[in-house]
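Letters are used for the chains, namely A, B, C and D, taken in the order the chains are written, and counting of residues starts over at 1 for each.
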Amino acid sequence: MSVAEMATHGTDERGFRSGVPNKVLHVDDVHKSFAGLHALSDVDLDVRQGETHAIIGPNGAGKSTLLNVCVGRIKPDRGAVIFDGNTLTGKAPHEINQLGVARVFQTPEVFLDLSVLQNVMVPALSKRDGYFNLNPFTAFAGETAIRDEAEEVIANVGLKYHIHSPASSLSRGDKRRLELAMCLIQHPKLLLLDEPTAGMARHDTNATIDLLKEIKENGMTKIIIEHDMHVVFSLADRITVLAGGRIIAQGSPEEIKNNPKVKEAYLGEEQV
Amino acid sequence: MTFRNPNRRKILKIGAAAGVTTLATPYFFSRGAFAQSMDYRNAPEGDTVTLGFNVPQTGAYADEGADELRAYQLAVEHLNGEGDGGMLNTFSSKALEGNGVNGKKVAFVTGDTQTKSDAARASAKRMIENDGAVMITGGSSSGVAIAVQGLCQEAGVIFMAGLTHSNDTTGKDKRANGFRHFFNTEMTGAALAPVLKNAYGTDRKAYHLTADYTWGWSQEGSIKKYTEQLGWETVDAVRTPLGAGDFSQYLTPVLNSGADVLVLNHYGKDMVNSLTQAVQFGLRDKQVNGKDFVIVVPLYSRLMAQGAGENVKGIFGSTNWHWSLQDEGSKAFVKSFGEKYGFPPSQAAHTCYCQTLLYADAAQRSGTFQPSEVGKALEGFEFDGLGNGPVLYREADHQCFKDVLVVKGKENPDSKFDLLEVVEITPREQVEYPPELLGGELGPYNDGV
Amino acid sequence: MLRTLSRSDWLLLIVFAAVVLTLPWTMQPIGAAYPDLLQKFAIYGLFAIGFNILFGLTGYLSFGHAAFLGVGSYAAVWSFKLLTMNVLPALALSVAVAGVFAFLIGYVSLRRSGIYFSILTLAFAQMSYNLAYSVFTPITNGETGLQVRAIRASAETPLRDGDVRIIDQALGVQEVGIPISNLFGMKMSGYPGFYFCAVLLIIGFFIALSISRSNFGMMLKAIKSNQNRLKYTGVHTRPYLIAAFVISGMYAGLAGSLLSITDPIAGAERMQWTASGEVVLMTILGGAGTLIGPVLGAGLIKYAEQKVSSWNEGILHDAFSLLPGPVQDFFVEFATLFVGEGWHLTLGLMFMIIVIFLPGGLMEGFRRLRRALTSGRSSASRTMSSTSPVQERG
Amino acid sequence: MDAIFLQILNGLDKGGAYALIALGLTLVFGTLGVVNFAHGALFMLGAFCAVTLNRLLNISFERVSETETNFLGKPLVEQVPYLEQWFGPEVAGFLLDWSVPISILLAVVVMAIVGIAMERGLIKHFYKRPHADQILVTFGLAIVLQEIVRHFFGANPIPQPAPDIVAGAANVGAWLGLGDNLIYPWWRLIYFLFSAVVIFAVFAFLQFTTFGMVVRAGMHDRETVGLLGINIQRRFTIVFGLAAAVAGIAGAMYTPILPPDYHMGMDFLVLSFVVVVVGGMGSLGGAVLAGFLLGILQSFASMTAIKSILPGIDQIIIYLVAVIVLLTLPRGLMGRPGVAED
């Protein structure tokens, strides 16, 4: 498939508009520039229900900016992000999360002072109680249902033996698992993963891939930003390629693999 | 070397008795908590009676507090018959014999007021509740004095005010258990005005800079009242924040106001700073309306004047007492203080020393330490020989009435202590006022039972 | 609500209550067993506990908490002047007024974090102090402080110089001189006053303990640990912060109210930034983030202020009296640097030493001591022990 | 009109002092990332350098006077300065008269040493600690420093007169043809010029020297500069010494305006922090700008015309401005994002 065809393919997808059940996230013509530098231009993107969508591209292609637009950290100059019928543009991070979008950061962001169990219980509480719930007399230790679930999720990500350790004592890879667990316990409709295997040893990377594959079976929609092609091609259902703030290609892994333009823009660079 | 401040307190063993008991013996439900004697609070048991000296040991007035403490220690020595007896020898009442008071040796405890009402009340409470003090004295600001006076009234002990100059102490906020030897702003106004008239005439325009709190307002009001009676005009009265540091923005408007007198209703650090800066602004060398511009500092303190250095030269103000007075009482006090510490006492030291003696004398005369009895012995008490000429402790408001000194910054001081010269002693009749003038009510005595 | 606490928490509460209620006996050997100091222990303990809810749990360092203490004590005195000498309306009014005041300041200040937040709170408190000292004198009675007075004779007397006490007057309460605050007839000075403060301290401790163990408390700890993560976890952090700020402001108001109840006078100095600094010192000294630490710190600083400052040279000479003359003089001379008028120096040094060597305060010191004594135990259980402060200083 | 002109002069003068103190504070924050609550104490120590020099020049031996007597009527023990003995009264008199300006030399040396010692001995260990810890430990240090000064010099202010030749006021109005009522103290004019020169010198030093370039780069991105193999640590130590020296000479020169006492550092501390925060933490230009801005605003707020409309405004203007600036400009006037917000 040529680039033009792929672009057309995208336009076809847009024709369905929102309301179509199998479309979760819709990025509509987003522009963003920093001090005159175009970080994103004319970005249109659709993510379907249940798919794992990878966004790849060389350094400075605008991947992180796009992700930040999706979670409300950066406000676009133009365009909108529509998630599940709600526009995300201009919403605060906590509102976006409450709508069902969870995020894993590039450098693991966890509550270093809290134990692994507490780390996982906090997001579960926010899922259950909303963004603010003032009840200073509900015992945290009394949340048995949430604790049971948290223990299960922690066991699933392989942190069972660290459950009572402070998060600060975990290795970088374990912190990433912990962060993943914090997202998973919220049962998000959409999970954003910013380089989930960055800085991991091969062994850990494979374990993470297995973990993410497992989640896939649960039918959770995921967007992955990733450098590691091994990860991308193991996990992604569809791939969007960004370069210079524009989408240059979109399609299944097979299609992207064979796309000469992508090779030139991205894979070529990798090989150099 | 002159590095070390010579004013450091010298070692003193008196008072150790009371203090150490505090450290070693637990007091609970024995003394302080509930008075054992049913007559009055903290009735002394054994052979000592404890007095509480509550002075600022930290904060801006720490040096004054240190001087007050020296005077207290001296007074205790004299009461117990040690040293040369100081003003006990010149005091008109001969009840005290140098063997303590009512046959009991005098001991003392000390506390730090930090020049804050809360801290002052807390340390006074410690001395009353824990150390069994039967009288509290001290203080170097009116807010603190009024706060502690109120506390002593509630607790049922006598309060002998130290340096407090606001009218309210024996006016609006007077209490039966409280007594003041120091003068007040009303007396300052009455004493200063005639001298200002003689020196500067009746056709003057005054500009006030006033510390923006109770004492400042009270001082401003009194000076305004008495100078306007002379025919002076008040151009403006500007309030300055307490502890402003730099007063330049308040001083420059003075230049163009047409005023020819600047009245600085400041005390302590504010006085030092505003005076220093006013002189820098050339106000002392200025000519306005064909007259020499002059500055007036209604309340002087020698310790503070030291901080203003040469800037005090030729500037009028009032003071409660000055060490250069030549009456027998003052000479005796300066001698015993000077020989013990190596420098002359300040007015704060003098008033504190007098208050201690006056209390002891009243207790001796009434034969008990019961506040109501001691108070009655002080009420209407006339005495002499304590450096201020004949003095009356007025019954109606527990305020001492005595001559007021008008002083001037000395042009050619001989030493760093010799900063002020007495230009006039305004007689007592001239500064007296009817007790109703300042309002307030003494209420009944409280013996604390 | 009662399910909030685990068995070890109940044990902690009971031990705490027992220690507080027996202070009049246990403090005897160090000469601190007299009503005023005991009251101050309890009152400043409450203040510090409340401050710790903000600083210890969320990490937001407020330099303006004394303003709430001041507002609380003014409100209490006004309640005495206008309503009744009974302390309950005073308590309620103080806590409410301080809460509203804290909400206003917190709502604005919490728009910023870090040192900007600290400076904003400092600025608000200093404004309150400066105005209370001068132009608000009709409300605060300025330098002299607001005091309870006798019933005014005529309506012309300003309210700050003469009281009305509507409720007491309606009930026909007879007053001789200036009345004393009471709880249905029980005088609130001396030991009864201390026990009243002590009971409130225990209740305050219980509430703080519950908060710390609650979901709300966990959210506050999460804010301190990583506010950004918490936002992406779907939590709106600002209402939590405002709630914590208001709660700690109400504690300060309660403490201020108790200051007025045990000693019916309210002065502006209570609001000065150095007073705010004092509660920071108390919390850090004892251990920020711990439950017992702030109370311990408050006690130590009040003890130093009252007792260390009163150890004059006479007392020192007696304390060193066993030594021969010149050695004794030397020791006395040296010691005067640190006690009596030098007690501020001791405070400064003690403070530096704590911050440098024991960032977790005295509580961390105790923990280290315990660890040294029982070095055999497993490390995991201790790191997450219930009172352990949030550590991780990166 | 005259009044406004004079208030501007006042504002510049005050602003000069604020800016000098805030400059060192923000320099230390920008480079070392340390919030130094002992900075006010450094200002105070500088002022006491002037006092100390004066005392040193006055070191005396005692001579019993044959004619005069002291206040107790005993022969007066005269204090004769060694200086007078060695160099004669004229030289001694001159040195004493000029002791405040001369004390700058002492203050620079002493304060740089104090600053470096402080950084090496204490601050160094606090780079990685939270700001709260830095505030607390330096606050403790400030208390200790001021109590030590109080132990030796007492609590009362100690006057330090300016040299006689500049003791009075200058007729500024006559220079500008605005009439005789515009007078302003010489020493304050000098202080303003002095602060302008010092501020300029610090900026020039950071702008035009290699050392300054490295420091500025370090302020911007500490890790990268560290990676270049430059010993940024040693330079930061020197920066701390520089900040202390600037605070010190600001204090020494301020003594004729404000007789120094042990507590003056604390009095200036809160104010200088407000200046730094309004300017933007870590921004040198912001500190200077905010210093002058707040100085001028404070002067104007003190005018009777304004006070009669807004009573007490002069007491709170600084804090009010701080609140407004911080709420409208999140990082102060010239602050960089991300600084001091954790």
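Observations
Note that contacts are C-beta pairs under 8 Å (C-beta built on N, C-alpha and C of every residue); 3 or more make two chains touch, one makes a residue touch a chain.
Just so you know, these numbers come straight off a predicted model, no measurement behind them.
Counted as hops between touching chains, the shortest connection from chain A to chain B is 2. Relative to the centroid of every protein C-alpha atom shown, the closest chain centre, again from C-alpha atoms, is found for C.
Using the average of C-alpha coordinates as each chain's centre, A ends up farthest from chain D. Separating the CA-averaged centres of chain C and chain D is a span of 34 Å.
Chain A and chain D, compared by their mean Cα positions, are separated by 53 Å.
Centre-to-centre separation between chain A and chain C, using Cα means, comes to 46 Å.
Residues of chain A in contact with two or more other chains: none. Shown for chain C are the residues that touch two or more other chains, namely 130, 134-135, 344, 394. Of all residues in chain D, those touching 2 or more other chains are 312, 315, listed in ascending order. Chains touching one another, given as pairs, are A-C, B-C, B-D, C-D. Those residues of chain B whose C-beta lies close enough to touch chain D in the complex are 1-5, 7, 58-63, 212, 236, 238-239, 241, 243, 245-246, 248-250, 252-253, 255-256, 269, 272-273, 276-277, 280-282, 285-286, 303-304, 306-311, 323-324, 334-335, 338-339, 344, 414-415, 417-418.
Contacts from chain C toward chain A in the complex involve residues 1, 3-6, 207, 210-211, 213-219, 221-222, 224-226, 228-237, 239-240, 243, 247, 380-381, 383-384, 390-392, 394.
The touching residues of chain B, counted against chain C in their complex, run 9, 11-17, 19-20, 22-23, 26-28, 32-33, 57-58, 62, 66, 109-112, 116-119, 121-123, 125-126, 129-130, 141-143, 146-147, 150-151, 153-154, 168, 172-173, 212-215, 239, 241-242, 439, 441, 443-444, 446.
Those residues of chain A lying in contact with chain C across their complex are 71, 92-94, 97-98, 102-103, 105, 109-115, 118, 121-123, 125-127, 129, 131-143, 164-166, 168-169, 182, 186. Note for the complex: chain C touches chain D at residues 55, 59, 61, 108, 111-116, 118-120, 122-124, 126-127, 130-131, 134-136, 273-274, 277, 280-281, 284, 337, 342, 344-345, 347-349, 351-352, 355-356, 359, 393-394.
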